[in-house]
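Letters A, B, C and D mark the chains in the order given here, with residues in each chain numbered from 1 onward.
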Amino acid sequence: MDHLSSYLVLSAILFSLGLYTVVTRRNAVAILMGVELILNAANINFVAFSKFVTHNLDGHLISVFIIMLAAAEAAVALAIVLNLYNDRGHINVDEANSLKQ
Amino acid sequence: MIKLALFILFLPLLSFVLQIFLGRRFEDKKGEWVSVGIQFTTLILSLIMFVMMMSKHDPGFSLEFHQSWLDLGLFKIDLGLYIDNITVIMLNVVAIISSLVHLYSTAYMEGDVRYSRYFGFLGIFTFSMNGIVLANSLFMIYIFWELVGLSSYLLIGHWWEKDSAANAGKKAFITNRVGDIGMFTGMLIIATVLGTFNFQQIAERIHEGVWAANAGMLFGGIEPHKLLTIAGVLVFMGAVGKSAQFPLHVWLPDAMEGPTPVSALIHAATMVAAGVYLTVRIFPFLTADAMATIAFIGGFTAIYAATIAITQNDIKKVLAYSTVSQLGYMVMALGTGAYVAGFFHLVTHAMFKGALFLASGSVIHAMHHSLHKIHDHETDAQDMRNMGGLRTRMPITFGVFMITTAAISGIPLFSGFLSKDAILAGSWAYAANVHEGWLANLHLAWLLPVFGFGAAAITAFYMFRLIFMTFYGEAKRPEIFRHIKESPKVMTVPLMILAILSMFFVFTLPSVNPISSHGWFTELIQSPESAVTTGPAFELEHFEHGLHAAHVPAMATSLIVAALGLLLSVLIYLLKKISAEELAQKLGVLYRGSFNKWYMDEFYINGIIRPFLKGCGAVGRFDLDFYDHYLINGWGRNAKKTSRGVGLADDLIVDGAVNFSGIIFQWLGWTLKFIQTGKIQNYLIFVLIGAALLFVANVF
Amino acid sequence: MIQSLANWILSFDILSGLGSSLVWGLSLFIVAALIFVFVAVNAIVLVYVERKVSAFMQVRLGPMRVGKFGVLQTVADALKLLQKEDIIPEKADKVLFTIGPWTILVASVATFAAIPFSDTLLAANMNIGLFYVISISSIVVLGIVMAGWASNNKWSLYGAMRSAAQIISYEIPVGITLVAVVAVVGSLNLQTIIQSQGGVGNLFHWIPIPLPNWYIFHSPFLFLAAFVYMIGATAEINRTPFDIPESESELVAGFMTEFSGLRWALFFLSEYANATLVAFLVSIVFLGGWQSPFASYSGAQAALLVISLVAIMWTVFVKVKIGRLSMYPLGISILTTMAAWLFPGFAIWLASPGLFWIVLKAASIIFLLMWFRWTFPRLRVDQLMYVSWKVILPISLINLMGVAVWMWLSGEIQF
Amino acid sequence: MADFIFWMIWVLIVATAGLVAFGNNLIHSVFALMGTFLGVAGIYIFLNADFLAVTQIVVYVGGILVLLVFGIMLTNKISTAQISQSSVQKGLGIIIVLAILVIILSAVLSHDWTGSIQPMNFTDTVAGIGKLLFTDYLILFEIASVLLLGALVGAATLARKEL
């Protein structure tokens, strides 16, 4: 626990799982969950580096702003998802491909 | 004290916001009392400040608070408050008049279509007036100066359905703009040379010689003293506009189209005094030449407006010209160096002129009601020729009118006597002792006391003419007279309060000598040192010595001329020994000139506006016929010919190349379009593959 | 408290061989268990009290059979609940159905870790205590949604959704209201908040009425904030008049519909834990926590004298006139006053801070909550949302601003 | 003891995040996400970021997760307690994600972190964060508040039925 790499490995695994969720899930809300995992992974890195490397609170600040951004992003994304649902009756992103060639 | 001042400044703004946004909703529920309450709160706060000032009793007291507002490297603008005795007294004047007018308006404006908006505008006016009073810099004063202009415009045009009201509003606004251009230019000159707008700093820096060092270099070798004179006179131009000095006085009589309480608040007691207040603030850095100019403008305005007031028949017009004349007095006092007297007259005049306007409002209110009762919508309720004998029906209004007329005419025991006397003594002393300024060089300085005493006599004459025509004699229209009633309590109580405030002892306590102005006021307000070091300044010490000598003869003369005016008025209008009509016939040209305001409006229209419009038309035609037709269009025609040739080349060579590359990319796009699946996750995979490849490429 | 417990354990010779890490873990466990026991016992007592209070408000007697005055009634009820069959509906989501109630309970109990019961008696002195309490209590929402969803019953789902919407709506004004207090204290530490409320001062700093330096008397804005907080908090713990999530006339029992036996008891436990938490928070943030309302023992004597005089006047002039004569308040106040004047030790004890005061304050707040429950009618859903977003939220925002202005005016902060 | 708790949390995070990524039941995924968030909050505490830990719980668990649950419940036709979900391009996805994981891990593990690095124990981060927020990060803070307002209004506008 007093070792930076234990945090970094955790964050890497969390990031990969989040990425996998984003890449493979069909449900839009599930993709959103993946995004949150990725943001959390990033936050862990920021705070860990802030404790082990830079020794100041800038990393915490950035994390606070990321958390805030995540909240805003979740609200707007869910509003969009709701519209998608009202429009099509489902929220599967792989079927929402009107922009394809 | 700063916090108190901030509250006094911003509470009226709160009243404005509440009335504008919520006023309509509370109109039936006595919503105006919100504004009245707020106004009386500021009155109480102002009185607290007043008590604090009195307990300090220090003529040099001052307090400054400022916050940085705009910071452009070398040039910084601070906004802030500056509080000294003058500020406190002015705040009290504004608060007293404003709160009484609010109270008065609840009855006077009852049932008006835009009732709540009216109170909202009163609120923003009070806010901006307090802003002027509390300002610590020329820049801040300018901001609130314009706000005051705006609220004046809104209130004059309150009944904008009437064309005359709408036009009067516009006239006031535009005329003020003319003055403000001068003020702004003056401000900019000062700020350019000294790098600050702050009053204290301006005076300090001029005193330290910064002006003398910088002015010439910055303004093409002009002599610094001359530039300071120009700057002072330019800033004073703002005061000329706002305080209705000749030649920009024309808007004030027209402004009487607004509701009468507004006339009392804005166009008699406070806003028009703002110009005088500005002159008070810039007093320390006026040069002798600038002072002479100011004095002359003031003196001329005083007598000029007084002569017009003699022949007017509209009760409010008489008072309006009287206001212009009295403002001229104040300005003349400041110009002649009678700083205390000028400011003193500002305060006393605010009280008695406010009362006069409100009392005339009371008369008009009664007339309106009476006319309404007999279903007469043709007769002018403000025309004195329709009144007469009202003193029996409206005793309180009459009493107030008598007291305040006595005050304005300079009759002992009333406040106007003290301040007017001080001004006249000042002008006398100036004429006797002046050695600097162009008035002295031309030996014209004696004109000023002549103007002053002449105006004093005329004032007494026309004010008593007003009283005799309105309150004495037979009722000229008995059917109207029958329905005249005294106004309700909310209107008469403010009148009585203001009448009491027009007594002499209010300003001389603890002394009760009716012919000496010595008291708390003159103890607390003292002339500031002149900061001018670039050249001849006004010699204050010399002047004060002369003032002492001039005091007694000036007082005697002023009493005599006032008595003369009064006597003449009694003879003509009360006892009818001399017929007014015959006199008018005999005076012929003079009478017609005075009746038509010396044709000033006509001069503006025919002498300035029309030629200007014609000039504009000519320039416009030049623009259209020559500039547009030959230069611009000709250029265009030529360019068209040239471009046709170039276009041909473009089509063949450049377009050919472009089209060729287009075809290539079209083909490329057709082949690549198949990776655009519309599925966002596919794109993401591509991105990730790209990222991984980049990493690999970077490592190996 | 954990560390001191660990030190205490280690001070025994026999146990010192255990190793500090293990002992630390052990004391952690003991403290957690103590809190849990407190919550459980508290719930049993409060259920009894609530039944009695409601009975008296409706002019009944309430439970009277089990034990003297029915004091053992809730113990009996608890035993009964523990023995009941554990029913899980067949089509329910079994995992979530089991986890849900425990989530709620854990969240409710965990908040007590930061609550100071006296200047030394608290589990963990965190410098973000207030924020911690707010955050942990927000986990309750998810437990409720979990339980509601897992039941696979439309009433449960509706109840859960409503509850979630209600709690997150009211969390905002409640949070902002608490921020107003934090702005005054300058710290999130609950101990600091309490310590800064010691002593006696003037009402609102200006009005010369001697009152304790509690934040409710700090400024008109915080006075209002206390009420806003009470309203918001009542809504957040789903108590009447804001108990729409479990309104029995519309939704059977909301998210609890399908639960029975032990799991149902867990809901009950957490409900009372939450009510207690709110009561403690109000006492800590607005009413001075474990601070005594009296500055000194002579102050206590004087204040009690004034209180009993008021009580006498009240009894003589008001109570007699309406004809309903209850002598308890009068008797208690007179007895307390006499005790304070006769035994200085008692007065000194009254003037000293301690567990007694915070418990007394919290108990009064809990009584207030019960009072609400039996006097106010329930709101409609739309009214509920209206109150939250259009009434309480603007008020709390204005409050926050007002507190700042007030502090500037009273000179507590300077630019 | 602390080490034990740390690794418990570590495992909890990985397990619940795995459930989020690979689980078949959407609802279970959401509640597993709660476990992840709480675990990350625990990690923050080990990193002395107490304020951040609590913020994490308030915003993620109390806010975003509730929003997600609402999102799920409003966008599914609910008939049973199960909401199953499926995935696409699993094979490609797992290959590329594993590749990226390997890249990151190789970067992390190849560097020797132990040498120059001393952990710093923060005591009271709230005051520090507050000070930074109103000095160095003031503009960012203002922009963030405007952004939040915009997001609030935007979300409310988008979510209305009559768009």
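Following the convention adopted for this analysis, a residue touches a chain if its C-beta (ideal position, glycine included) is under 8 Å from a C-beta of that chain, and two chains touch if they have at least 3 such contacts.
Just so it is clear, the structure is predicted and the values come from calculations on it, not from any experiment.
Peer 1: If you average the Cα atoms of each chain, whose average lands nearest the overall Cα average?
Peer 2: Of all chains shown, the one whose C-alpha centre lies nearest the global C-alpha mean is B.
Peer 1: Based only on mean CA positions, could you tell me how far subunit A sits from subunit B in angstrom?
Peer 2: Result: the chain centres lie 62 Å from each other.
Peer 1: What's the distance between the Cα centroids of subunit A and subunit C, rounded to whole Å?
Peer 2: Their C-alpha centroids are separated by 36 Å.
Peer 1: Could you work out how far the Cα centre of subunit C sits from that of subunit D, in whole Å?
Peer 2: So the centroids are 31 Å from each other.
Peer 1: Could you work out how far the Cα centre of subunit B sits from that of subunit D, in whole Å?
Peer 2: The computed centroid separation for subunit B versus subunit D comes out at 63 Å.
Peer 1: Give me the residue numbers in subunit C that touch at least two other chains, ranges are fine.
Peer 2: Correct list: empty.
Peer 1: Give me the residues of subunit A that touch two or more other chains.
Peer 2: Residues 19, 23-24, 94 of subunit A touch two or more partner chains.
Peer 1: Could you list the positions in subunit D whose residues touch two or more of the other chains?
Peer 2: Each of 2, 51, 55, 63, 70, 88-89, 93, 96-97, 100 in subunit D touches at least two other chains.
Peer 1: Pick one for the touching-chains graph, please: line, ring, star, complete, other.
Peer 2: Looks like something else, not a line, ring, star or complete graph.
Peer 1: Mind listing the subunit C positions that touch subunit D in their complex?
Peer 2: Against subunit D, subunit C makes touches at 21-22, 24-25, 91-93, 95-96, 99, 126-128, 131-132, 134-136, 138-139, 141-142, 145-146, 149-152, 157, 161, 164-165, 168, 171, 188.
Peer 1: Write out the stretch or stretches of subunit D touching subunit A in their complex.
Peer 2: Residues in contact with subunit A: 2-3, 6-7, 10, 13-14, 17-18, 20-21, 26, 29-30, 33, 36-37, 40, 43-44, 46-49, 51-52, 55-56, 59-60, 63-64, 67-68, 70-72, 74-75, 85-90, 93-94, 96-98, 100-101, 104-105, 108-109, 113-114, 117-120, 122, 125, 128-129, 132-133, 137, 140, 144, 147-148, 150-152, 154-159, 161, 163.
Peer 1: Using the touch definition from the top, list the residues of subunit B that touch subunit A in their complex.
Peer 2: 673-674, 676-681, 684-685, 688
Peer 1: Where on subunit A does subunit B make contact in their complex?
Peer 2: So the residues of subunit A touching subunit B come out as 19, 22-24, 93-94, 96-101.
Peer 1: Could you pull out which subunit B residues touch subunit D in their complex?
Peer 2: 679, 681-682, 685, 688-689, 691-692, 695
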